[in-house]
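Take a look at the structure below.
Note that the chains take the letters A, B, C and D in the order they are written out, and that residue 1 is the start of every chain.
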Amino acid sequence: MSSQIPTQPDHACLIVQGPDRPGLVAAITKLIERGSGNIVSLDQFSSDPSGGDFFQRVVFHRPELAAAKLDIEADLERTLTPLGMTWTLRDMGTPKRMAILASQSDHCLLDLLWRYRRGELPVSIPMVVSNHTTSAEDVRALGVPFFHVPSQAGPDKSASEAEILSLLRGNVDFVVLARYMQVLSNDFLEKVGVPVINIHHSFLPAFIGANPYKKAKERGVKLIGATSHYVTEDLDEGPIIEQDVARVTHADSAADLRRHGADVERAVLSRAVLWHAQDRVIRHGNHTIVFA
Amino acid sequence: MSSQIPTQPDHACLIVQGPDRPGLVAAITKLIERGSGNIVSLDQFSSDPSGGDFFQRVVFHRPELAAAKLDIEADLERTLTPLGMTWTLRDMGTPKRMAILASQSDHCLLDLLWRYRRGELPVSIPMVVSNHTTSAEDVRALGVPFFHVPSQAGPDKSASEAEILSLLRGNVDFVVLARYMQVLSNDFLEKVGVPVINIHHSFLPAFIGANPYKKAKERGVKLIGATSHYVTEDLDEGPIIEQDVARVTHADSAADLRRHGADVERAVLSRAVLWHAQDRVIRHGNHTIVFA
Amino acid sequence: MSSQIPTQPDHACLIVQGPDRPGLVAAITKLIERGSGNIVSLDQFSSDPSGGDFFQRVVFHRPELAAAKLDIEADLERTLTPLGMTWTLRDMGTPKRMAILASQSDHCLLDLLWRYRRGELPVSIPMVVSNHTTSAEDVRALGVPFFHVPSQAGPDKSASEAEILSLLRGNVDFVVLARYMQVLSNDFLEKVGVPVINIHHSFLPAFIGANPYKKAKERGVKLIGATSHYVTEDLDEGPIIEQDVARVTHADSAADLRRHGADVERAVLSRAVLWHAQDRVIRHGNHTIVFA
Amino acid sequence: MSSQIPTQPDHACLIVQGPDRPGLVAAITKLIERGSGNIVSLDQFSSDPSGGDFFQRVVFHRPELAAAKLDIEADLERTLTPLGMTWTLRDMGTPKRMAILASQSDHCLLDLLWRYRRGELPVSIPMVVSNHTTSAEDVRALGVPFFHVPSQAGPDKSASEAEILSLLRGNVDFVVLARYMQVLSNDFLEKVGVPVINIHHSFLPAFIGANPYKKAKERGVKLIGATSHYVTEDLDEGPIIEQDVARVTHADSAADLRRHGADVERAVLSRAVLWHAQDRVIRHGNHTIVFA
């Protein structure tokens, strides 16, 4: 069963960010034109017209992109770096390589695999890593490699984290925690070197600590939410990519809340992954600009 | 400009709650039948079939209800009180009397007045009390009395609270804080003797302390929410009646978030008030059963 | 891979409908009490207190239900039939048997199978029937029988319909059309003898005829919807069970609309199936009462 | 009671549309730069990178805009017209002039007036015209002129339409039909010469003809929607600007559906008006590009 990965050959995605100043858009678009690129879509956002930050996502079509990419990059370097701008240029003909870390709960994992198989996600999936073996069959049935790295007992997780890192290193462009129930150490986050996307339940208001669904039930919440964000050193405090909610009532048991929560989690994580894979999410400080 | 209050003459609303046990629904409905009532709608919820709590809302039609009410109440007392049940019986021909406390921000106040005037709310409004005079004209234009009770400087609010209490006492069945920006003392809450409904903004996750919209913006939230709840001694921790959210993006300024927040707040508060006025909300512990 | 079907042993679900009259709720609940049943939940709705229609769903717990069921049914017959009421009593310890008819597009089929496997649906699945073989492996991997009944060429579908009927007959309690792309004949609908649930895309406003996504795109719709309904002789005009929408923009291609449509379709169909399986949906004329 | 209109002095909004071709964005942004403008925000959309249509909205800051506007327009003319592009340049320091046409039902009218008064809408309101006098007081209380133009009996509405036209002519930049219950003739639409925005209820599926709420109730719809669109000769078939829905149940009466419908209508119309007033809506064929 092979999936068709929805890549866009000979299309490039340019992300530019940095201090806003007059003439930036003109300079960048002229540069693309000079490189024989035709702009297909352009999103731009300035946090403040005077003294704010500038963010731009440009997708352009360029026949024989692979051959021209080095020249365009050299031009970008010459033009943008002196202005204090950061930029990345990505060939959209090559899918991003996504690793998924999972545990026993498989709703987020299966939703991602299902969309991958339908050709909805412009990614390849070189591996799923889990501290349980429950999902091995489902994963391998799609031709995706599955690696079992059991959790280490005790507070020191360095050996299992090292094993995961050795699997990931050089093989992936981003990592998705699809309800992976182990807390990753700061050491891991520093070494992994690629963005890590997480999903967790969210409530209005928040319920701190263990068993939030029980607390939410006791308070009688009417909405169950989920938040997908980039993982930073502050656990669950990283830049938010996407959020959503589902409506619940007093008649929903804590188990029902968990079931509704699972539905929201998989929908929110799948959107966040799609947008990240399409370079639609720009990180800035502790928030994101999402050109969705 | 007079509003038509949507009351239901000769209809009664019976709320029963207490420990669940076999035969409760049969006993209650037989009792209504005995009193010549015809059940129009019945909502029932058991938190757990064995050893749980029982909640019921019955609306029944009874010609010449006013004349029969005392007899029905005596029957309810004889039947339900020995079983440890709490109950209330309300004549739906008489609207609940709602006081509104407001401050400068008028979006929630105006939405309530607007729905009142359209005949959407089964309430009378004997008064609006505000610590500002901004809304006096709008309120009085609807024939609703407006009282200005300025906030007391300093931490001791007892004089102004006493003045508000003397206005409310005996005149109202519930109080709505429509973005009233003064914290009410526990002393006030004990003395007021009627339910108090509040509205406040909510976020996924919560942002504690001052200037939550600024913090929400910094974290890049994608949803802005509002929660309406009964006021208890724990500020903003009382039983939730209703919640909702609106979608926002990175392009929304903190002012835009506030505007979207205002839209959600007035929608959520208006629904909570409607349901409370229709006796659709039953308080239990720190949560609510809402038969909406 | 075995699913745990979430049945409720020794619980019965009683559905009663018919002309409303005083004393109905009391009569029914007394009857349950007489049969040693303890009411767990009760939902009731009257279309009009005087001269309207009455609908009730009661779930009650009755130890040794299987042994007592015949007696309770005799009691129901004696009490309700003379009043012109229709009723059904179902043992919730036995899951409903659901057949799924599918074609090539598998998003709805897979969502149902996935929820079945997670133990979210109180159903057994004796068979999936498809006019394509695409999903055979996915279905059988869950231990569910898969039957391939190819579509007949030409307008006369009687042979293939007869083959499907012979598979269904006696084996299923309801049928779900999970994006089954063949129009079923009235003859089939008469003979199948069990409810048939369908899902289709919906728009505000509707776009009649072929290629609705293209027409929706041309008109610039901002919402893509789906409707699940019972199938009647008037194609796609049967009683609505559930509906929902997803937000789209001008930047979504017709293919994007189709993808968002697929997400809404599977969510809506899964809710409709869950509610039907739990006897939460009562048909009446061309609409439904949904006690969700 | 004066509203503060949220204008943006020395900011211009440039809308460009036409056949897409390489170099367009670069050409336009260079042109703005040449005119000493600093781009604040830029939205761009191509229906198809090869041979499609190009749409752009650019907001730029230009000190002393009023003085420079003619020069910039001349430059735009020289550059864009030869390429077959259509463009408009608007000084965002001047609010658009909005006329509201209303009838008896005032929920949409009041929501617009309420947002205008809160300073949420960058418009001035030179007049409200109604075929009823019900809202006269509400309108004039905000300092907005109110004109009563009674409906003509009979099919010929030319006299009353002529009276409305004589009020509008030269005084307004767009017209909002806030539940105005008269069908406007094609002759009126041709003569009015400015965009006309309408709001109407919508359902999934549509219910054609009179009394749609009754039909929706009979079919048991679960969602009530509203659509705001530009008025064209095909009644209610013009380009859609915005849509939304509210959830309803079998327990909602036709009157409840109407009430929920009113809430959705005023929310949808207010968003459509805001976006139109901010030049965020570009018409193209029978659909819109909305840069919201």
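Observations, loosely collected:
One rule holds for everything that comes next: contacts are C-beta pairs under 8 Å (C-beta built on N, C-alpha and C of every residue); 3 or more make two chains touch, one makes a residue touch a chain.
Note that this is a predicted model, so its numbers are computed, not measured.
Interface repeat of B-D: among A-B, C-D or A-C, the matching pair is A-C, sharing over half of the residue-numbered contact pairs.
Centroid distances from chain D, each centroid being the mean of CA atoms, peak for C. Centre-to-centre, using mean CA coordinates, chain C is 42 Å away from chain D. Computed from the mean C-alpha positions, the centre of chain A lies at a distance of 36 Å from the centre of chain C.
Counting partners per residue, chain A has 41, 45, 251 as the residues that reach two or more other chains. Of all the residues in chain A, the ones that touch chain B in their complex are 45, 202-206, 217-223, 225, 227, 236-237, 239-240, 242-245, 249-251, 285-290. Of all residues in chain D, those touching chain A in their complex are 21-26, 29-30, 32-33, 37-46, 49-50, 61.
On chain A, the positions that touch chain C within their shared complex are 1, 41, 107, 110, 114, 118, 120, 137, 141, 251, 259, 263, 267.
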